[in-house]
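You will see two complexes here that share chain A, one where it goes with chain B and one where it goes with chain C.
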Partner chain A sequence: MFVDSETIRFLWPELILVLCAAWIYLGGTFRGSRRWWVAFALAAYLLALGVILGLEGPATTSGDRGGLASGPILVDQLGMICRCFAILVGILLTLLMSKSTRHDLGSEYQGTLMLLVVGLMLVARANDLVLLFVSLELISVPTYVLLFLGRRDRGTSEATLKYFLLSILSSAMLLYGMSFLYGLTGTTSLRGIQAAVSTQPSVAALSFASLGISPDALIYLSLVFLVAGLGFRLAAVPFHFYAPDVFQGVTHANAALLSVVPKVAGLLAFTRLVILGFPQAASQAWEILLVLSILTMTLGNVCALWQQNLRRLLAYSSIAHAGYILIGITVALADSQRAGDSQGGVAAALVYVVVYAVAALGSFAVLAYLGSEQNEVHGVDELAGLARTRPFAATALSICMFSLAGLPPLAGFWGKLVLFLGAVQTSSGGLTVQVMQWFMILAIAGAINAAIGAAYYLRVIATMFFRAPAKTLDAEGGDGAAVVMLVCASLVVAIGLFPGIALNLARKAEASLRAPVSLAAQDPDRSQPRPVEHAWHAPEPPRTNL
Partner chain B sequence: MAPITVAHYLAVGAVMFVAGVLCMVTKRNALGVLMGVELVLNGANINFVAFGSKLLRAESLGLDGQFIALFVIVLAAGEAAVALAIALNFYNNHTTIDVDRADDLKG
Partner chain C sequence: MMDMSLLLLLTIALPLAGCVLMGAVSKSGPYAARRFALVVSLLTLVGAAVVIVNFPSDGAGAERYALTDVSWLGGTSPFIDIRFSLGLDGLGLWLFGLTTLLVVTSVLVSWNAIEERPALFYGMLLLLEFGCLGVFCARDVILFYVFFEFTLIPLFFLIGIWGSEERRYAAIKFFLFTLAGSMLTFLGLLSIVLWDYFHSGLGILRFSIPELTESLSVHPIQPLYWQVLIFWALFAGFAIKVPLFPLHTWLPLAHVQAPTAGSVILAGILLKIGTYGFLRFNIPMLPAASVHCVPWMFWLSVLGIIYGALVALAQTDIKRLIAYSSVSHMGFCMLGLFALNRPGVQGGSLQMINHGLSTGALFAIVGMLYERYHTREIRSFGGLARRMPWLAFFMLLFTFSSIGLPGLNGFVGEFLVLLAGFQRAWTGVAQPWVFSLRFASVLAVLGVVLGAWYMLWLYQRVFFGGLREPKVSGSSHGHGTDDLGWREIFALTPLAVFVLWIGLQPKFFLDRMAPTVDNAIAASVRSVVAGEPIAARSEASESEASVRVR
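What follows is the complex of A and B.
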C-alpha cells in the first residue's frame, strides 16, 4: 500500500470532485443561491467525467484488458464503467434534489452529495481493504447527513436514527470480517489476498494451525461477517429490516439515493472482495447466498403486495431486487469453483443493478415531481386518475414500473433474462447433481417472483389509468425532477431497445475483473507496463517512508 | 504460565465485539447504543493490531494492521460527531433519546 505520483495521477477525477465539494461548502457560507450551486455541481461532475474519459480511456483499453494496479487502486474496465455510472447517478440526484431541499441548505446538500459520489467512485476501483472500507464509509457518512438534512420532522429523525445505528453495525461487521482476511493472508491488497488464500498452506495458515485455530474456520467466519456487512448495503434478508421504515420516513430524493447508491456499492464490494477473495470457500459461499437470494426476493415481493404507502412499496421492491442481484453473485461464485468459461454472473448482476437503479431513480423522481414541499405524495390512492390529470408523469412512472416488473421490451426484462439464463446455464453445466438441482430451484424461484412482483407494480399503474381522479396533485417538484424523470424513462426504453450495448460493456467489465493485473507504478518504462503475475509483490520502498 | 499468543488478543477482540453488539441491542438510550458502536469497532481494531504484530508471524508485515486501526479510530470519531447531530435532532422531535420511542414508522 504505497502511494506515489502515478497513483495520484489516476485519482484526478476524484480529487477534482473532493476539491469542488470543499469549495461548495466554503462558498455556500457567502453565496446562498441554491440554483447557482446546482449549476456548479453539475459542471464539476461533467469536468470529472471528461477527465475520466480523457485520462483513462487510453490507459484501460490499450494492451491487454487486465488493467493496472497502482498503490491501493486498480485501473480497469470495471472501475471505469462503474465510475462513469456513479457520475451519472450523481448528476441525476443533483437535479432531483435541486428543489426538494430547504433553500438555505442548498450548498451543504450538494457538497455532501458530491462526497458520496466520490465514495462510490472509489469503491469501484479499490484494490485494498483499507481503501475499500474507507470508501464505503465515505458513502455511509454523507448518507446520514443527507437523510438528516432532508426534513426535520418526527418521521425523518426516527428514520435517520434507525438507518445510522444499523448501518454502523453493518460496517463494524464488515470490518471484523476483513480483520480475519488480513490475519490469514498478511496483506491488505485484494489481489494479494486472492492469491494468498488460493496457495495453501500459507505461512500464516501454518502459524494459526500451531495455535490450534483452523485456518478454514477463520475463512468461513470471515465470509459470514463480510456477507452480513455487505448484505445490509444490498438490503438483503435478514438485514433488510431498516428499509421499509427508513424509506417511509425520508424524502423522495433521499429514498432514491438509498435505493441506488448502497446497492451499487454493495455489489461492487461483493464482486471485488467476496467473489475474488474466496476461491476455496466459494462452495459454502454460494450455498449461503443462494438461500439468501431466494428468501430476499420472496419476502420483498410478498410483503410489497399489501403496501399502501408508495415509498414503503418501493422499499420492499428494492429488497426484492436485491434478491435478483444476489442471483448473479451466486452464479459468479459457483463459477469461480471451476476453471472453465464464466457464465457471466457478475456481468448479469452489473446490468441488473444499472437497470434497477435507472428505473428506481425514475420512479422516485416522478413522485418527487408530483408533490410539493408541503404536500408530498404518500399513498398509492393519491395517484388515482393521474393519467388524466398529469399524463406525462403517469407515462414516465408506468415506463419505470413496467421495467421494474420486467415486462418486455423494457430494460428490466433484459436484466432479468440474463440473470435467469445464468442460473439455468449453471444448473445445466453444474459440477454435481446437487448443484444442478439448486440452481434450477433458484431459476424457478426467480421466475415465480417476477410474476408476483408484476402484481403490485400493475396495481399502481392500474390506479393511475383506470380510476377516477380524486384530486389534482401539486406537481411542484421543480424542473430538475422533471428532467430526471424524462432522462430515466428514456434510458429505460433505450436500454430495452438496445440491450446489446449494456451487455457488452458489462461483459468487458467482468473480463477485466479476472484478468491478471500489471503494475503501473515503480516502473522505469511507463509506456510498457511490466506484466507482473502477482501485483502484491511490488518492489516496496523502505518501510521507514511510511 | 502459558505465553501470550495472538489467540488471546483475538479472544479479547471477540469479547469486545460481542459486548458491543449486546450493548447496542439492550440499551434504550441512544448515547448508550453509540457506546456499543465504539466497542464493536474497537473489537475489530484489536484484531487488526494483533494480526499485524509479531506474535503471529516472525516476518514483519509492516504497519498495515496498525494503520487500519488508526483509520478506523478517526472514522469512529467522525461518525460520533454525525451521530450526536442525529441524536440531537431526534431529541428535538421526541423530547427524549429513548430509542424505543422510535416507533412511528410502521406498516
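What follows is the complex of A and C.
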C-alpha cells in the first residue's frame, strides 16, 4: 500500500493544519474579523507544534539516530527540526501579515498561508519523488494566491504573473528531471533510487545502454534539470532573474515569505534528493554547484551595491545568501564520497538558512512596521534619520542587517563560520589536489563576498544613524509586525550569544540524514515493541501504481 | 583575596553592563550619561589595576593567570570545541591596562565636546572598551575573532555620528577596509584550526589558542608554502589594522573625521590589535613562515616608517600630522616584532604601549585645542605656550615621548627595536637578503630623525614665536581660550606618569611580559638557529609546491 495507518499516524500535525486551514476558509465566509482568524491560526500552529514535540519527539530522538521510513514519508531528526522551524516561520508570517492584508480577506490569507506551511513541513520529510514534488507545489500554488492577495495594483499583478510563469517553468524542469530518475531506476522512493543507482541498472537503463547511451549520462542530465528546478527556489544564478522585480512588486510581508520559504524548501529538497539520492552524480555535481555558488553570491552582492529600493536591495541580498547556502551544499556533495565523519556541509547550510531566514524576516518586519497601507517604505533614503524618530525599529533593523552581513556576535556570524569551516576543511583535507584548490577558491570568494556584502548593509545602517531625519514615517504596520521585529532581533542576538543549541541541532539533523533508515512496522498494533532489524538493504521492487 | 579570574571577568563585563544601563541612567538628568560613564570607566580601571598588580612580577605561570575556561557551545557533541576562555598573560597584560586608562581619558576629553545624543555616545564608548578588553584576554580563536570584529561596530557609530564633515565616508571606509582584511584572516585562522584537526588525531576541532600553539610546535604546518600562504592570510587583517604601509589609507581619514575620543582609542588601542594579532598568531603559530617573511616585513615596516614620517612633515592639519606619525611609529613596532629576537619583540611590545600613551595623549591635546579654537590648521596657531602654559607643557612632554627622548618611554622602545633590527640584520640571515636587511635596518634610524623633525617643528610652529590665534566665534562651551582646566589635567596626568615610569623603570614592565614573549618567539628562534638558510627553504618550498600541483 502506498499509505497505511502507520503513515497517517506520523502525519497528524500536517493533518491538523490542513483541517484548520479548511475551517478557516469555511468560517471566513461567516465571520470576517481579521484578528479572530489570526488568533485562530496562531492557536493551530501551536497545537501542531505541541503534537510534533509531544508525539514524535520521543520517537525520533531515542534509540538509533536513523529515521523510520513509513510509506512516502521519512520520520527523522532532520524532518522534525525543519518542521518545527516551518511552524515558527508560519507563526512569524501570520503575525507579519496580520495587518498588511485587506480586512475582508483576512481569513483567506491565513488559510492559504497555513497550507503553504504544511507544504514546507511535508518537503522536510518527503521520502518519495511524488510526495516531494507535490509538497513543493503545495508551497508554490498558495504563494501565487498570497502574492495576488497582498495588493492589487499593476505592479503587483505584473510581479505575480512573472513569478507564476517562471515558477511553473521551474516546476516543469524539476518534474522532467525526476522523470529521468524514475525511468532509470523504476522506483519513486528516494532510498530506492539511491540503492538502485548504486547497485544494478534497471531494465530501462539497460535498454538505454543498448542504444549506446550511458546511464551515467542520463543521471547527469537529470541532475542538471533538478539543479535548475531547485535553483529557482533558492534564487541561485542563473535562475534568479525574477527575484528583484518580484520582490519590488509585492508587499513587504510577501517579500519576506518569498525570501524565506522557497529557500528552506529548496535546500531541503536538495538535501534529500541530490545529496542522498545519487552519490555518484553528487561527486560530479559539486563542480557545477561550486561555480554556481561563486557566481550567485558575487552577482547578488555586487548588484545590491547600487540598489536604492529596499526590497530590490533585499532581493539581491537574498540571491547572495543563496550563494552562501550553495557553499554548504557543495561541501556536502564533495564530501559524499568520503567514508568517515562528515564535514558538516548540510548542517552548515541548515544553520545558515535558519539564521538568514530569521534576519531577513526581521528586516522585512521592520519595513512593514514602518509603513502603512497607503504609504509603504520603498527607498533607502526614506529611512534617513530613523535612529532618532524610531530608535527601536532602527536598532532592530541594524541588528538584522549586521547579522546578514555576518558580524559577530550575531547569528549570521555563526552561519558564516560553519560554512567557511566546511569549505576550508575540504580545501585542506579534500580527496584530490584539484578538489582542494577549488574549495580554496570557494572559501576566498566567500570571504571577499562577505566584505562586499557588508557594504550595502552598512549603507542602510549609515542612512538610519548618520543622517538627519527627512520625513516622518507612518509606522502603522501593526502590532504583529512589531512583535515579529522584536522576536527576530532577539533571536538573532540569542543565537549569536548561545550558538551551541543551533549548531548541535543541525549536526544531529545531518547525522540522521546519513544514518541507515529502518522501515516502520506495518503492524498497527503499537503495544508491542517494534522489531528494528528491517534495515534497508535492497532496492524496492519497481512500483507501478503511478 | 578575591579570585582573580572572577575579577577579570567582572572588569571585562563592567563596560558592557555600563552600556546596557546607560539608557536608563541617562534619563535622570542632562549630565548623567557622562558622569555615569566616568564612574564605570574608573571602576574598570581600578579592577584592571588590581588584576595587573597581582600579576606575577617575573611573569612566571602567566598562561594560567586569571583564567576562565568553559565550553561555549555546550551540548553533547564536542566535535567543535569552541571555548569561552579568557585570561591575561604577558602579551595582553599592558594593553589591557592601557585600554582602561585611555578610556578614562576619552571620557574626560569628551566631557563638553559631545552635546548630541550623549547617552548613545558614552554607551558606544563603553561598548568599544568592552570589545578591546575582550580582544586582549581571549584565549580562543573564535572568541578573539568575535571581539576583534565586534570592536568595529561601536567605532563605526562613533565616527559616523559624532565625526566631522566627511564622517559617513570615513566610517564606511574604515569598516569595509578592516572587514575585508579580517575575513581573510578568518580563513587563515580556520586553516590553522583544521591543520591541527587533521594532524593532532583527536578528531575534535580545537580552537583554544594555547592548545593550538602547542600543537603547531609539535606538528608544524608543512609544506612551507602552505604556512606562508596562511601567514599572508592572517597578514591581510592584522596589517590593515596596524596599519602597514600600503594598507594604511583608511587611517588618516578615519582619524581626522573621528571625534577626539574615537581618535584616542583608535590610535591608542585599536591599532595595537593588529600588532597583537601578529604576536599572538603569526609568530608563535607560523614560525617558519615568519622567519621566511622577515625581509618582507622589514621592508614594509621601514617603508611605513619613512613614508609616514615624510607625509607627516608635509601636513598642515595637526590631527592629520599625528595620524601619519602613527603610521611611522607602528612601523617601529612591526620592525621590532619581526626582528624575531628577545629585545625586538619586547621592544615592539613596549613600543605599542608607548605609542598608545603618547599618541593617545597627543590626540587628546589636539582635541582640547580644537574645542577651544574650532580649527586644527597649524598655520593659524603661534606662540600658544604663553597663553596656555599647561597645555604647552603636556604637549612638550608627549612630543618628547613620541620622538624618543632618553628618560622617557619612547626612547626605551625605539632603542630596543633598532638594536634588535641590527642584531637580526647582522646575524642569522641567509645570503641573498643580508644586504637588503642591513640596508633596511639602517634606514629605520632615519625614521627617528624625521620623527624628531616633524614633531619638534610642529611644536615650534604652534607654541613658540609670536602669539597667533584663530578668531573664536562665540565658544559654546564657556571656557573660551583658557588654559587647561582640572578635568583636562586630570585626563592627561596619568598618561604622563606612565610616560615617565616606563622611561625610568622599563624593567618593571618588561619583566612581566618576558616569559610570554620568550614562549611566543621560541619556535621561530629555533627555526633560525636550525640554520636553514631562508633562500634554500623557499626554493625547496617551490619545488614541493610544484610536486603537489602535479
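Basically, the second predicted complex is superposed on the first by the 514 of 546 C-alpha atoms of A that agree within 3 Å, B and C clash if a C-alpha of one lies under 4 Å from a C-alpha of the other, contacts with A are read in each partner's own complex, and residues count from 1 in each chain.
Please note the rule applied: a contact is a pair of C-beta atoms (placed from the backbone, for glycine too) under 8 Å apart; a residue touches a chain by one contact, two chains touch by 3 or more.
A quick note: this is a predicted structure, and the numbers were derived from the prediction, not measured.
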First (chain B), second (chain C), both or neither touched by A:Ser157: first
Chain B versus chain C as contact partner of A:Ser179, first or second or both or neither: first
Chain B versus chain C as contact partner of A:Ile444, first or second or both or neither: second
In the superposition, chain B vs chain C on chain A residues touched: B
First, second, both or neither for A:Leu503, with chain B first and chain C second: second
Common interface residues of chain A - those touching chain B in one complex and chain C in the other: none
In the complex, chain A residues that touch chain B: 1, 129-130, 133-134, 137, 141, 144-145, 148, 152-155, 157-162, 164-165, 168-169, 171-173, 175-176, 178-180, 182-183, 186-188, 203-204, 207-208, 211-213, 244-246, 248-249, 307-309, 312, 540, 543, 546
Of all residues in chain C, those that touch chain A in their complex: 71-77, 79-80, 142, 145-147, 149-150, 152-153, 156-157, 160-161, 167-168, 171-172, 175-176, 179-180, 183-184, 186-187, 190-191, 193-195, 197-198, 203, 205, 548-549
Chain C-touching residues of chain A, taken from the complex the two chains share: 341, 402, 407-409, 413, 417, 420-421, 424-425, 428-429, 433, 443-444, 447-448, 450-451, 454-455, 458-459, 462, 465-467, 499-501, 503-504, 507-508
Residues of chain B touching chain A in the complex: 5-7, 10, 13, 17, 20-21, 24, 30, 33, 37, 40-41, 43-44, 47-48, 50-52, 56-57, 59-65, 67-68, 71-72, 75, 78-79, 82-83, 85-87, 89-90, 92-94, 99, 102-107
